[in-house]
Each structure stands twice: as structure tokens, then as C-alpha cells.
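For reference, the structures are reproduced in the following blocks.
Next come two complexes built around chain A: one with chain B, the other with chain C.
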Partner chain A sequence: MKLLSMTVAAVMAASPVMADLVFPSLSYRTGPYAANGIPFADGYEDYFTLLNERDGGIGGVPARVLECETGYNTEKGVECYEATKGEGALVYQPLSTGITYQLIPKATADGIPVHSMGYGRTSAKNGAVFSNIFNYPANYWDGASHAVNHILDVNGGDISGKKIALVYHNSAYGKEPIRTLEELSKKHGYELMLLPVDHPGQEQKSQWLQVRQQRPDYVLMWGWGVMNQVAIQEAANIRYNMENFIGIWWSGSENDVLPAGDGADGYKALTFHNIGSEYPLYDDLQKYVIDAGKAAGAGDQVGTVLYNRGMYAAMLAAEAAKTAQKISGTAEITPAMMRAGMEALEMTEAKMAALGLPNFGPEFSVSCENHGGNGLGAVKQWDASAGAWNLITGYEASDQDVIGPLVEADSAAFAAESGITPGC
Partner chain B sequence: MPDQLLFAMEVTLNGLMAGVLYALVALGFVLIFKASGIFNYAQGVMALFAALTLVGIMEGQVPFAHLINAIFGTEIHHFGWHVPALLAIILTMVVMVALAWAVQRFIFRHLVNQEPILLFMATIGLAFVLEGVGDIMWGADIKKLDVGLPQGINEWIDITTFEAFGYGFFIDNLDISATIVAMILVAALIAFSQYTKQGRALRAVADDHQAALSVGISLNFIWILVWSIAGFVALVAGIMWGAKSGVQFSLSLIALKALPVLMLGGFTSIPGAIVGGLIIGVGEKLFEFLIGPMVGGATENWFAYVLALLFLVFRPQGLFGEKIIERV
Partner chain C sequence: MFYREAGDFSTTYSQDSQTFPIKFDRYRYYVVLAIAFGVIPFLINDYWANAVFVPFLIYAIAAIGLNILTGYCGQVSLGTGGFMAVGAYSCYKLMTGFPEISIVIHVILSGGITAAVVTLFGLPSLRIKGFYLAVATLAAQFFLVWLFNKVSWFYNYSASGQISAPERSVFGIIVTGPNTEAWAKYLICLVFVTLCAIIARNLTRGSMGRKWMAIRDMDIAAEIIGVNPMAAKLTAFMVSGFFVGIAGALFFAVYLGAAEVGESFGIDKSFLVLFMIIIGGLGSIFGSFAGAAFMVLLPVFLKNVFVGGLGWPTDLAAHLQFIVSGSLIIMFLIMEPHGLAQLWRLAKEKLRLWPFPH
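Moving on, here comes the complex of A and B:
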């Protein structure tokens, strides 16, 4: 017996020590945006917990989520980055456009990839300039185009002479779609009306009185946090037709519509992933994570829009890590290998179905030149009586004829001011 | 009548209503500053805490449920009952009185005769503690608040103005409710301070702490009383703002809207808070309507402070503030 114990100990000592795969989570569970930060952080962590509990990690190496509280504050986000990057961080998901902008030069210099999924600097889609920044599967300019395409669809393809208002958070994030909407207005002949809302957006009477007085045919919204709830309530108050009110994907969670009650019925929002929890993967999440008492939160957010988005972000990170392991031939990947994995990521319907998420997200592929995926997006609509979102379109393409040159111009300007020579 | 004039009238009316909401927040600051010389940084968080407590009680939510479940491995979240709004408001007031007692007993009792800046710093600490306790106690999710106040466009005003001018004005029923509540609140506060023994004692403390002590007025009692009243005002503000956006942690930021009102109206005057709120409300809305489109909009936040500073140039103590002359 003693000999057996010694043999086992010797074998264990001789085996290589498997380091964890570190996935930092720059979360915000406190502060004014906590209600949105919590479900995303829960979804992100729960997916990695599932992989650890069910599969023994990724390629046999356990995943470790390193959570750091940012409070949605850019300075704290940068501190979190500096505090965690030395732990072997493979990829950062900042969940804030402000933090993403700060991390672009830092992470590039450190050789660590950043995945700003559906937010951040749109022109980071150009991988030839932004070597370490990824924003697949869709970006804000795709979102602006999806919204206009949807308006085109419901108007038989002609929106010339229509008036479209953009109610936006008066920040780098909220201003992102303006350029695209201006270009699209030249192409389709609609009039664009801009209505900025200052942070945090609790008082929007002026903006909605202007909407009431000038009667735009459609209102688009780029909001976050309390701005969304107040805007939807004010739109309901002035009896704006909710069918004609479309939010970006960050203005389309349950948190945004529930406070307005029945008034929010018919409100639309964009999305780049599916909704609900009717997927085989959620059975595993329930069994291995929630029921096992290993959930990151209380387990009450599972299946909500932002939980799903956090889970989707983790799934894409895990798939990129698997790709990196395959390319590099080692399970213990470095940030540089992870970057290569993200650049070679291909999400097919067959792959998502095998993961237990059939039809959950659009198919897309990433390349050195294209860090933004295929830019597909869908439209969903809120049914207040059922208390549920419903997808009302399939995943559709954005107008790359307009967006492509904008991405090219903006990334070229960034390359010039940063002294970057574009190349793959 | 020209469209622009009608729109300006509508904006002015809505500015007045918004001003009442700002004044509701400012009132809490004034009450505490007047009685104790403390600028209560935590007033916005008190409004958040009161609103969270109100919704929690109404919905039968178990306080500290996540903490209890984490420690004892239980799965309790709700008591399974719904409490009527009025009863929930009364119970919330009991909590706010308990909070006032705790604030006095554990913080300010130990800081008597300290510099005002220390008292201010203590309220900053109180704000963080209260926000954290609110989170642990009731959770950080957004809660719908419905105490039965009407919301949405006022039909009568819409129809009447349409018949008169050919354009129906938008006035939110919730804003009308807030105005009525604010009027009742101010009348009650004035009546309380003028005609009750405690109110007179409160005014005596506000005028001179030592003189009040010398005639047998308990400072401790007065301060608990004034923090309780500020708690009630915070609850009213929390209800009005929470009904607009749901009860969520950004509610604490409504304090930012009260600061220019205080600068303009004075830190020691209840009528000043109301008049200051109205001037700020109308001023920022009209500026946004008339000048906003020329400068790219989103002018309200900064213009409120510019307006307040303009008034300060001519009346440093605010419109209704007391002119403090210190002899050396």
C-alpha cells in the first residue's frame, strides 16, 4: 500500500502541471448600471463553469474566470486590466465602449486580444489595422444599417422623405451610429434628426417633446441603463407608435421594457443572438451549474437577454480557445495563440447545434482582414402581455456598400495617427 | 398662434413640472442643512434606499435574501404576499425613522462640534454604506414601482388646449401628481415648523444650537426628527422618480439635479428649493428648446449649473438663503 502511494505520488509529480486558461471578466455588479452588468457577468462565468464541470475545461485545461469590478467606470476598467493581465489573461471582454477605447493601444502593445462584442470602436473590424481588437459578430454600424433596412422592409423599400430620429446617449457610444445614419440618409433620402440625451438620462422630457412636436416617422435609440427605461416610458406617455421605435441591442433587454408595463408593447430592438432558454445547452447549465449551486449569481437571470449575451460571449471565447489549441497543437495557449484562434474562428450552424445552441447566433467567420464577422443581425419585438421578446426577422446582412468604406476610412485615420502600417 | 410659440408654452409648462421634481430632491438637502448645518451628500441615496424598501415591502421580498441563502443554503426570496401601497409607505417610513436613529446614534453623535467638512465627509461615507446595504438587502435588479399614481398624457389638458389653440399640450399625469404632492408636502412642512412644539424646537436648533440646548431642547431628538423628515421627503422623491424609470441604482444620481436648485434657491429655504426648482426646470427646458438645436443639444445638465452660477453672481447666498455675516 505504501509502495502504491509512493508510485502514485511519483507519477503525479512527474506529470506536467496544467495551468488554467484565464478569462478576465470586467464586470459591473455595483453602481447605476449594475442591473445590466450582473446578468452579463453571470452568463459569462456560468458558461466557463459548465465547461469545467461537464468537460473538465477546454481541451482538458480548466478555465478560470478572473472577475474585476469596474462599476462601468473607464478608469476602474483600465485598473482592472492592469491588475489582471499578469495572470495570463487570454482575452478581455470590457463590456464598455469607453474602456474598450482605452484598452485598444494597451492591449495591442501587450499582445492580448480584446473582444468588444457588439460595442467599442466600430472600425476595429479592420484587422489589418486593429491587430488585437475583435468586434464580431456585429458592430454599431451594422446595427444602424439593420435598423434602416428594417424600416425599408416595412415601407416597401422606399423611405425617401421619411423622418428618422436618433435618440442617443451623449457619449462616444451613443455617437457611433451617426456617421452611418448620415451616409444612409444620403442613399435612401430620409431626413435624420439627432436628439442627444446627457448621462444618465433620467430626465428626457425635452427630447420627447421634440419627438411629439416634430413627429418623426421612426425613432432609433442608442441608450444604456436608465436612459432606456425612461425613453421607452416617455415614448409610451406621448403615445408614440412603439412599432416605429427601434433600439440597438444594448437597448433591448427585459430591464428596459418591464418598468413601462403595457406601454412598452410593440417596442423593437436589434439583436445578434437568439432569445430565451429553450436550448439543449440550458439543460446542462441547469444540471451542472445552477442545480449544483455553482452559479455565479442567484441563478435567476438564466435565459434573460443579457445573460444570454454574456453566455454567448463566453461561448465564442471558448470556441476561439479551442481553435487556438488546434492551431498551436497545445492545450495551454498563450494570449498570442488565442489571438490567432480568434482570427481563425468560424461559427457554423452545425458547430452551434453541436454545442447545444442551434440557431442561437448567426453564422460568421473571422479573418485577419475582417475582425468583425459577417455583420448579421435580426429584429425582435416585445410582447408585453406575454412578457417576452420574439424574433420577427431572420439574421440579415447590413449594407456593406456603405459601411465598408466608412470602416476603411476610419481605420486608415487611426492607423495614420497611431503610426500603424496596416497589414496581415 | 405660431407653432413655435405654442411649443415654447408647452416646454415651459413641462419645465415647471420637471422643476417640481427637482425641488422634491432639493427639499431633503435643505431640511438637514437648515437644522444641522450638514450638507447631506447621501440624500440621493436615501431616495434610492427608500424606494427600494418600498418596492421590497410591497412585493413581499425577503430582505437580505441572497445573504441568508448563501449562509444557510436556503432558497427563500419572497414571503408570498403583496402589501397595499399605503401600508407599504407607512412601513417604509418606519424603516427610514430607524435609519435616522442609526445615523444619529452611530455617526453624527460622535461628530458633534466637528468641522462642517468632516460632517460632509461622513455623509459621503454614509452614501456608500447605504448604497451597499440597499444592494445586499433588496438586490440590484430594476424594479417596477406602481403605487397607483396615474401616468401618461393628461387627456383634459390635451383636448382643452387643442380646442383653444389647435395643438394639444402634453402634460404627464405623473408630473401633475408630483406637483400636488409637493404642494401638500411644503404646506405640511411649513405648518409643522410654525404650529407644532417640535417644529418650533426644530427652528430654534436651526437658529442657534447652544441657545436651543440651554432652554432644554434635545439636539439628539431634533436631529433624529429632521433626518426622519428628510427620509420621508426622500421617499416621496423616490416614488416620483422611481415611477418614471423603475427603481434602480441610478436613482441616487437624481441628487445631481438638486445641486443647481440649491445653489439658486439657497441651502436654508424651503420656498427657495421650490422656486429654485421651478426656475431651473423652466430655464433648462427653454434653453434646450431654443438654443439646444443650434449647439447640438444635450444642454440641460450644464445649463442648469450656468443658470445657478449666474444667480450666485448677484446673490451669493441664493435667492432665499440666509446671508451669514461672521464678525471677527
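Moving on, here comes the complex of A and C:
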């Protein structure tokens, strides 16, 4: 054992410490969630590779992506966090609600920001309590509200007496929207039916049998990894009307709908960024990264929904780093400066167009009180014959009258539990 | 040469029946304790604590617990994950319900609660054996995970079903929560491990342990010579549950800080701890430590070599790590079915004779 620990120490000491901007990527390319983890990790890494190759990094300092495999497992996630934080990690994006919950207290104590983009703890939107946690541009409760709003739109504004089922991953992730959906059911008078699916979600016969028996008018899904594919396949098997089946943004990638073939046609999902690869940035990506043979992973994910999302996450991180460099006046920023940069981040259409991503995401700005952006989201629909997603609505606002007080209450509970005095 | 009984005279009965009868063994044990308590706390950093030492120590307690049940008493259990969850959730409820009471007492009480629950699930063992008992404990595993997911009282009605450990201290030193120093985390686990190992070692050497082993080796024969099978089996479940509960409480409060039952205490935890005692050695306290070290350190070590040392892609490393650990486990089981503890025993036998093997 001694020899073992000495070897580990030697191996760890061998990794060099350079003056660069470190962006750890807690990815998962293995396990039941790999189908969704791989495209995100590829997009995240490729964007930084592009910045390094084309612009020489961010503000002249090269960016280094430190990849660490978590397998969507919280213990490995913690190990990855501890292993990478010493290298000057600027921001963590774990792509897992469970790991985010682990990192919220740890990263706050260490003074490193966490960006849980569209996942994690929803009430982290309240920056007065969650000083180091950001979840812009949208969160789960926004998502729940978008889905209900879409159902309202389809039904001409009246859904009282309708039955809405929520098929969810039985974990912190899947349970997040329940509170909002319950509040919204009081407001709009629909009946909510809860159908938990246990990790990893390979077996959903009983849940879909219940759907078949009780015939909910709409099914919402909070799924991830293999659970998505199975749910969409099961829905197709019982001939559920796909137009009434709406997934959260994590249940709407190509990997989720393709296995069901034509059966998935008409399936809807939410999104907080645009789709496809028709952007000027992709020309640069092709030239500097893909043709140069520097693409991450197998390089076969370019342009998919989750690749775009990984790229979007990297773009927001890079923009926050630029903002931080501007504020602090130095190119080699620290995690504390990065946090300040994220808090002052402002995404405008002009900025995105200049980056080569016009109309890619909604406009939003972050402030100390609001770490969650303005929560805009859109609905997209799968066209199986064309094999493509199409946006069917514009970016719309969520019901802040319901979500605002919930965020307030949940963050106040967290503050009381962990002895934080809220303040900006 | 150095490792032998010669020259080590026992003049009292207690000397004769001590845990380490050979002088060299005894000194080695004191040196290990001295390094663990006196040197490592000064060198440890966050990475070593959170990735290596704290999980190793906590899994060692769980492995000791399971080893008492499976290794010493012969009752196969696949419910370790669920039983650890009982420890974790009782610790959480106690921590949030009685914040003024010391965390040490809460951890011990969680062990007690788990002991009661495990004894309850041990009742079928009086009627069923072997594989059938394994299936019954498997049911306990799924039932407990379902229970902690379903009944929101257990997680204080939080929206996400996550439990998170509030900050608690021992003698003014913070041991749970995000502001814990690495050495404090390590030391509290070490104290619990040391105490648990000493208690377990002495229980298994005493009349209780002999009864367990009699039941394990042949329960009918044991009954004929006067061992009460009900008392022996249920005490094994109880003692095992106590240790597993302590491990679960520490796992949640000190190591993870926030936990979710399906993820942190799922069926794979049960198998992990079972693998630890099989690889370490059934019916051996040292084996529990060796198995825990093997299962915790090997993945971290391989990952550091493959990704940190050789710079391979992380997915390749993760897959290779499965292959290497898997084949090592198979190799061990073929070459030494009695585990690392047996290798250690053989090494000691050889050392006694060395350098004159004949």
C-alpha cells in the first residue's frame, strides 16, 4: 500500500502547473448516461479548442479543459472535484443535479463558482443566498412552467379538469419540478399524476401501463440517459399521442428519439437555445478544430442538440471569463474574479452575432440578486421523416408569479439550514 | 529472522491471549497506529482525504460489519446498501432534530437504530438459509431505498429528496459540513474505525464469535453442542447492523455531506461491500481492511495512472479500469479464494521460517 500511495503521489506531482485558464469538464462518457454525456462533453471541449486555435485563448491566455470522468456518479464527481480544484479550476459544470448538490456547499466554501446551466438546485437563482452558484439562462421550474404554458396555449387557455402525468427520474433531478407543477395545478385546475422511474430507467413497463390505464391528457418527462429512449419507445408502443408528450430540455436530443424511429414523430421537448449547425461559428469550428483533427471524442456529435448545449455552456463560460478579465484588468483570472465576471455577465444579440452564433440563445443578464437569467424557453418538435428538431414557438417567459415565491421560500429554507445570512 | 515467537514469553493469561501474540506483529500494529494518528493528519490534504482515506476508512467499517454477519456467522446479506441508508437517514434526522447533542452520540445512536432495523430483517434467517436468505435481504435493500424515497418525513420534506448534513463539531473542531478541514474529517473516521475494529476483533475472539462460527460451520451441530441458533444469528445481525449503521452515518455526514438514497445507497453499494469482504477475506478483520483498501484505492490509482500519468482519454481509462479491476478480482478468486487475508497469513507463515525454510 505504501508503494501504491507513493506511485500515486509521483503521478500527481508529475502533472505540470501552467499559467492558463482551467475549465474542468466533469464529463461522463461511460455508463447509462453516456449517450447524453458524450455530445455535451465534446461540445464543451471543442469550443475551447476553437478559442485556443483561432484566438490564442481567452484574452491571450490559453484555456485548458481538464476532463474527469464521473459516470454520473456523485462519489466519483466529488473525487473529480477534489482532484481538479487544486489546478486553479475557474468554474465547475458537472452536468448532474446530484453532483451539483454535492458541490454547492463545497464550492462555496472553496470560493469556486459552479454553473449548473438548466439543472441543479433551482433556488440557486437567488444569488443573495447562493453566492457561488449560477443557473442561468433557465431552470427546472421555468421549464415546468413553459410546459404548462404550452399546454395552455394548445388548449386556448383553459386546462381545468385535464390530467397531466409527470414521468420523472426518481432522484433530486426528477423531483425538482414537482413543487412547481403542484402550485401550477392549483392555479390552472389540472390534475397532476406522478410516475417515478428508478435509476437507470431501463424498466418502465409499469409506469406506461399506468399511463395506458389512466389516460392522462398530457405526459411531461424529466428523464436523462437511457431513461429517455426507453420512455419514448414505450410511449410509441402504447400509441400515446406524441404531440401530447413533452420532455424537459434534457429529454430532447437526437439520441433519445432516434431509437423509436417513426414512432417518435411529433414528440415535443423544451429548449433554452437554438438547434442545428447553420451558424457562422460552425465554419470556424470546421476549419480550426474538425479539419485539423483536434475534435474531442470521436468527432461525430457535431451539430447535435447536446453538442450545441455543451458549446453554449463553454461559450457562456468563456464570455464570463472575458467579462472577468475586463473587470479585474488582468488576463490571468482567479476563481473569485471569475465569479464576479459571471455575476456581471450580459448576453446580448449583438454579442452572440459577433461570436458567430446569431439568434442562438435568449438575451439575458445576470446580477447579484438574480443568478438565473430571465428563464426564457421555447418548445421544439421532432420530425422523424426529416430527422430533425424544429422550433415551434419563440422564446417565452415562464410564470414568475408562481416561481418567484417558490424560489424565495426554498432559498430561505437553505439559508436557515446552513446558517447563511442572505445579502448582496 | 525477526518474525517469530522465540524469546517472547507470556507470563500471564492475558498476555497469552492477546490479539497479536508475536512481538513483531505487536510493534507493527503500534507503528501503524502511530503513523495513522500522528503522521498522516499533518500531511493530509483535501484530495487525499476525500478520494482515498475517508472512503477507505468508512468502507472498512461497513466491511467489518458485513464480515461479522457473512464471514463469521455465515448469513449472506445483500442489504448492506439499504442498511447504510438506515444509518445515514437516522443520523440526518437526529442531527436536524437535536442539534445541541454531539455528532458522535448521533453516529452511535444511528448505529443502534440500524442494529434494530437489521435485526428485524434478520428474523427470516431463523427459517431460511443461503440463497433464500440472500434474496430476503435483497428485498430489504429495495424496500428501504423505496421507503426513504417515498416517505418525505425522512428527508424533512425537502423538494429534491436530498439530505444534506449541517455543520457540527466535536470539541470545537468542525467535522461535518463544507468547512471541515481534511485532517478533522480523517481523524473522526479513524477514531471510529479503530474503536469498531477493536470491538469487532474482541467480539469475534470471545464466546459470541465462537458461537457465530459454530453456526456458520454447521448449524445443526452447533445446536447440538448447546449454541442457541436464534440468539447467535440475531446477535450477529445486530452487531453487524450496528457497524454498518455507523458506516452509513459517517458516509453521509462526514464523507458525502449530501446524499440521495437511490444513488448513494443503491444495490451497487451492497455488492461493493460484499466484494470487499470476499476479496479481503471472509471471517477476518484484517481482510475487511484489505478488501476496502483494494476496492477504494485501485480505481483511484488506475485513474491517476491512465489519465494523469499516461494522458489517455477519460472514457478509455474508465473502461480499462473496469477491465483491470474485474480481471484482478477474478484472478484473486482463482489463485487465492480465501482472499487477501489468506495471502497475508501465508506470508506470515513463510516469514516465521525465513531464512531457514526446512
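Just so we're on the same page, the second predicted complex is superposed on the first by the 406 of 424 C-alpha atoms of A that agree within 3 Å, B and C clash if a C-alpha of one lies under 4 Å from a C-alpha of the other, contacts with A are read in each partner's own complex, and residues count from 1 in each chain.
Basically, a residue touches a chain if its C-beta (ideal position, glycine included) is under 8 Å from a C-beta of that chain, and two chains touch if they have at least 3 such contacts.
Owing to the predicted nature of the structure, the values given are computational and were not obtained by experimental measurement.
Q: Label the relationship between chain B and chain C on chain A in the superposed model as either fit or clash.
A: After superposition on chain A, chain B vs chain C: clash.
Q: With both complexes overlaid on chain A, does A:I178 touch chain B (first), chain C (second), both or neither?
A: second
Q: Thinking of the overlay built on chain A, is A:N170 touched by chain B (first), by chain C (second), by both, or by neither?
A: In the superposition, A:N170 touches chain B and chain C alike.
Q: Scan A:A386 for contacts with chain B and chain C and give back first, second, both or neither.
A: Touch status of A:A386: no partner.
Q: Using the touch definition from the top, say if A:N73 reaches chain B (first), chain C (second), both or neither.
A: Only chain C; A:N73 stays clear of chain B.
Q: Under the stated touch criterion, which partner chain does A:G86 make contact with: chain B (first), chain C (second), both, or neither?
A: After superposing on A, A:G86 lies in contact with chain C but is clear of chain B.
Q: Who touches more of chain A, chain B or chain C?
A: Counted on chain A, the partner with more touching residues turns out to be C.
Q: Name the contact category of A:T30: first (chain B only), second (chain C only), both, or neither.
A: So A:T30 meets both chain B and chain C here.
Q: Residues of chain A that sit at the chain B interface in one complex and at the chain C interface in the other, please.
A: Correct list for chain A: 29-30, 34, 38, 170, 196, 198-199.
Q: Going by the contact rule set out above, which residues of chain C touch chain A in the complex?
A: Contact set of chain C toward chain A: 46-47, 50-52, 55, 149, 158-162, 164, 166-167, 177-179, 256-260, 262-264, 266, 293, 297, 300-301, 303-305, 307-309, 313-315, 317-319.
Q: Using the touch definition up top, name the residues of chain A that touch chain B in the complex.
A: Against chain B, chain A makes touches at 29-35, 38, 170, 194-200, 202-203, 205-207, 209-210, 212-213, 225-226, 229-230, 233, 236-239, 255, 258-259, 261, 263, 298, 300.
Q: Show me the residue ranges of chain A that touch chain C in the complex, using the header's touch definition.
A: On the chain A side, the touching residues are 1, 4-5, 7-8, 11-12, 14-15, 27, 29-30, 34, 38, 67-69, 71, 73-75, 78-79, 82-83, 85-86, 97-98, 101-102, 104-106, 108-109, 121, 170-172, 175-176, 178-179, 196, 198-199, 297, 410, 413, 417-419.
Q: Give every residue of chain B touching chain A within the complex, in rising order.
A: 3, 7, 10-11, 14-15, 17-18, 21, 66, 69, 77, 131-132, 135, 140-142, 144-146, 151-153, 170, 172, 241, 244-246, 248-254, 257, 284-285, 288-289, 292, 296-298, 300-301
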